[in-house]
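Here's a structure for you.
Naming follows writing order (A, B, C, D, E and F), and every chain is counted from residue 1.
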Amino acid sequence: MVYVTRRETFNAAHRLFNPKFTDEENLKIFGKCSNPNWHGHNYVLEVVVKGEIDKDTGFVIDQKELKRIIKEKVTNKMDHKNLNIETDFMEGVIPTSENIVISIWQQLVNEIKSGSLYSVKLFETENNYFEYRG
Amino acid sequence: MVYVTRRETFNAAHRLFNPKFTDEENLKIFGKCSNPNWHGHNYVLEVVVKGEIDKDTGFVIDQKELKRIIKEKVTNKMDHKNLNIETDFMEGVIPTSENIVISIWQQLVNEIKSGSLYSVKLFETENNYFEYRG
Amino acid sequence: MVYVTRRETFNAAHRLFNPKFTDEENLKIFGKCSNPNWHGHNYVLEVVVKGEIDKDTGFVIDQKELKRIIKEKVTNKMDHKNLNIETDFMEGVIPTSENIVISIWQQLVNEIKSGSLYSVKLFETENNYFEYRG
Amino acid sequence: MVYVTRRETFNAAHRLFNPKFTDEENLKIFGKCSNPNWHGHNYVLEVVVKGEIDKDTGFVIDQKELKRIIKEKVTNKMDHKNLNIETDFMEGVIPTSENIVISIWQQLVNEIKSGSLYSVKLFETENNYFEYRG
Amino acid sequence: MVYVTRRETFNAAHRLFNPKFTDEENLKIFGKCSNPNWHGHNYVLEVVVKGEIDKDTGFVIDQKELKRIIKEKVTNKMDHKNLNIETDFMEGVIPTSENIVISIWQQLVNEIKSGSLYSVKLFETENNYFEYRG
Amino acid sequence: MVYVTRRETFNAAHRLFNPKFTDEENLKIFGKCSNPNWHGHNYVLEVVVKGEIDKDTGFVIDQKELKRIIKEKVTNKMDHKNLNIETDFMEGVIPTSENIVISIWQQLVNEIKSGSLYSVKLFETENNYFEYRG
């Protein structure tokens, strides 16, 4: 069993905001991250797939294929987008990095051979990152 | 003469857009960077000051002082902000990184001992950066 | 269950030295790391907390709160300090990175919701790092 | 139980190629990675050893010793080498990073105290890495 | 005048070898870098263009255009190639990084507005890099 | 003319302290950096040499030779040392990074072909670095 990681990047705008709360409450909970005029990040995404090595190719999964899936299912919908407004699979979800990694997992889990998606990791800044393993 | 560099970071939203042009023209020139719903970056800023070393302190400039100036004049006005709407010293300027480094230079040049600001460098993504030396 | 990581840094002096041994024996075991005049590092600390996402905030733990805890319990007592002499919670412990990660774990485990501290990782140089998971 | 990681680097040439297949088939499977004139990488290797801390030294394993083992058993045979032709312990194996991490594991597992090798991780480029845990 | 940097990467095989010398002399001069079976690197290339900012776009040069030029003139001819054998514009040149940066400069200087190419920088490993400014 | 950079690292303890001043004044000027029990850093050093390329070798300077000089003249005297007490060429100098880069320059300038030392750069933390060009 080998763990294969693919790293991709995307740049996006977002705002932490819960419509259940007033603007004041949002500001108290989320601080400057709730700025109604948005802010943004250079997100770094790492997708880890585990599996046995194919004897003929020496691959667990072809990196080109993994890259294509991530691009089609995830980064095309997030890169240079507003995560609150434009990313269909995040609709109705507060775009914290915790929620983003789960949403990305759900986008990918059925695109990759059953049982082989191992981890989705997201770096929001150089000082924090978030991981979901299903 | 020693060159002293201070590195700071800020996260912001922006959009490349020239009001002289139609939406179509903006899209043609700026591509996905003109998304009307914004996108954003983890910007990395490096400010370089040059000068002679003070005999008593061994410093060209006290890093704490340089940090305070950058915070007060630049990052407080850019961190977790929308650069098109909220950063007063960028008003009327297309927030390309080229324009941002010049605007930051202008914010800093009179705050630091005359003639000693040497360079303002801005990393927009891991694949590009921009520098202005006055 | 999402894993949330906070990265912090501190700069400290230390010396590897076991008072049970002679200076010669210490030199043999620890090499230049036992220099009686000290040496030091830019340590990088990563604290990982695991937990369920709070529905209202989208957070496992508020990064600002996690940062405050690490600062109060750990980095305030280690940053710009001598780990052999000044860090109270390291008293009587040889300050190898192995011992440091366990000591930091013990400082944090009761400050964070029961069962949610997952890992403490410490980078001593760019060529080695150390992790403790309890 | 503490996890201790040692990071080493090596530069090597390789080619992805399966002699069972024609050149055309190799090109279809491996793309430009099958270039018969070779290409190469700055590989980054991380070896993780887990164990209890020795009371007298504060070490799980002496970094100098771990470094020596990796050098003797692995990097001396891979650094500035052609992995397809010159690395004896890779003979007959397609040098994908998946196969390399397993081969390195086999080189190391009997050199380190029984049961204590935890992981071998290899970064091939800045956008992918591969891990084997036995 | 703003300095704009574009960063690109390529992976290649090479060998340091001067046909004027015997194999023994090559080994003495170039050490393990003269391995006749090749070795390779993940090269990182930074191209710096200087110029005035276009009022209408806020750009010195469009990053997409700069990227296209570097790809067409440089990385398409170097990525996953053998620099001694396959890179036409390096023919007859010992592929040290010093020679590579000059060769890349010559490939680019006529493709970018006259006088605006400022620097070509190449990172061969994490411990060395090379720069040419014309 | 090509600029060749060699990167080396060293770990050291130091303290910012001017004997002309009282302890209170030192604390006021240098803050926690004046801690009498020392603190330390993982310093990163970059030495830049400029010169013409030798036709026979393709080198400006052999990296192995540059590495040897830096080791003998600089890092052997600074690595795992106390810069205030043990580094002979820093005697009587407050070990700010500004003073360190000048001291390192003086150690190197006569060891490298006349006129070819171009720059000495020192990274003290990830947020500041210092450069001297003679």
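Definition applied: contacts are C-beta pairs under 8 Å (C-beta built on N, C-alpha and C of every residue); 3 or more make two chains touch, one makes a residue touch a chain.
Note that the structure is a prediction, hence the values are computed from the model and not measured.
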State which chains count as neighbours of chain B and simultaneously of chain F.
E
Between copies chain B and chain E, what's the superposition rotation on C-alpha atoms, in steps of 5 degrees?
120
Centre to centre, by mean C-alpha position, how many angstrom separate chain A and chain E?
34
Could you grab the centroid distance between chain A and chain C? Build each centroid from C-alpha atoms only and quote it in angstrom.
29
Check: chain E positions touching at least 2 other chains come out as 126
Would you mind giving me the full set of chain pairs in touch?
A-B, A-C, A-D, B-E, B-F, C-D, C-F, D-E, E-F
Please output the residues of chain B touching chain A within their complex, sorted ascending.
9, 11-14, 32-33, 35, 37-42, 79-82, 85-86, 125-126
Residue ranges of chain C in contact with chain A within the complex:
1-8, 53, 56-60, 63-64
Please name which positions on chain E make contact with chain F in the complex.
16, 18, 20-21, 29-31, 93-96, 98-99, 101-102, 126-133
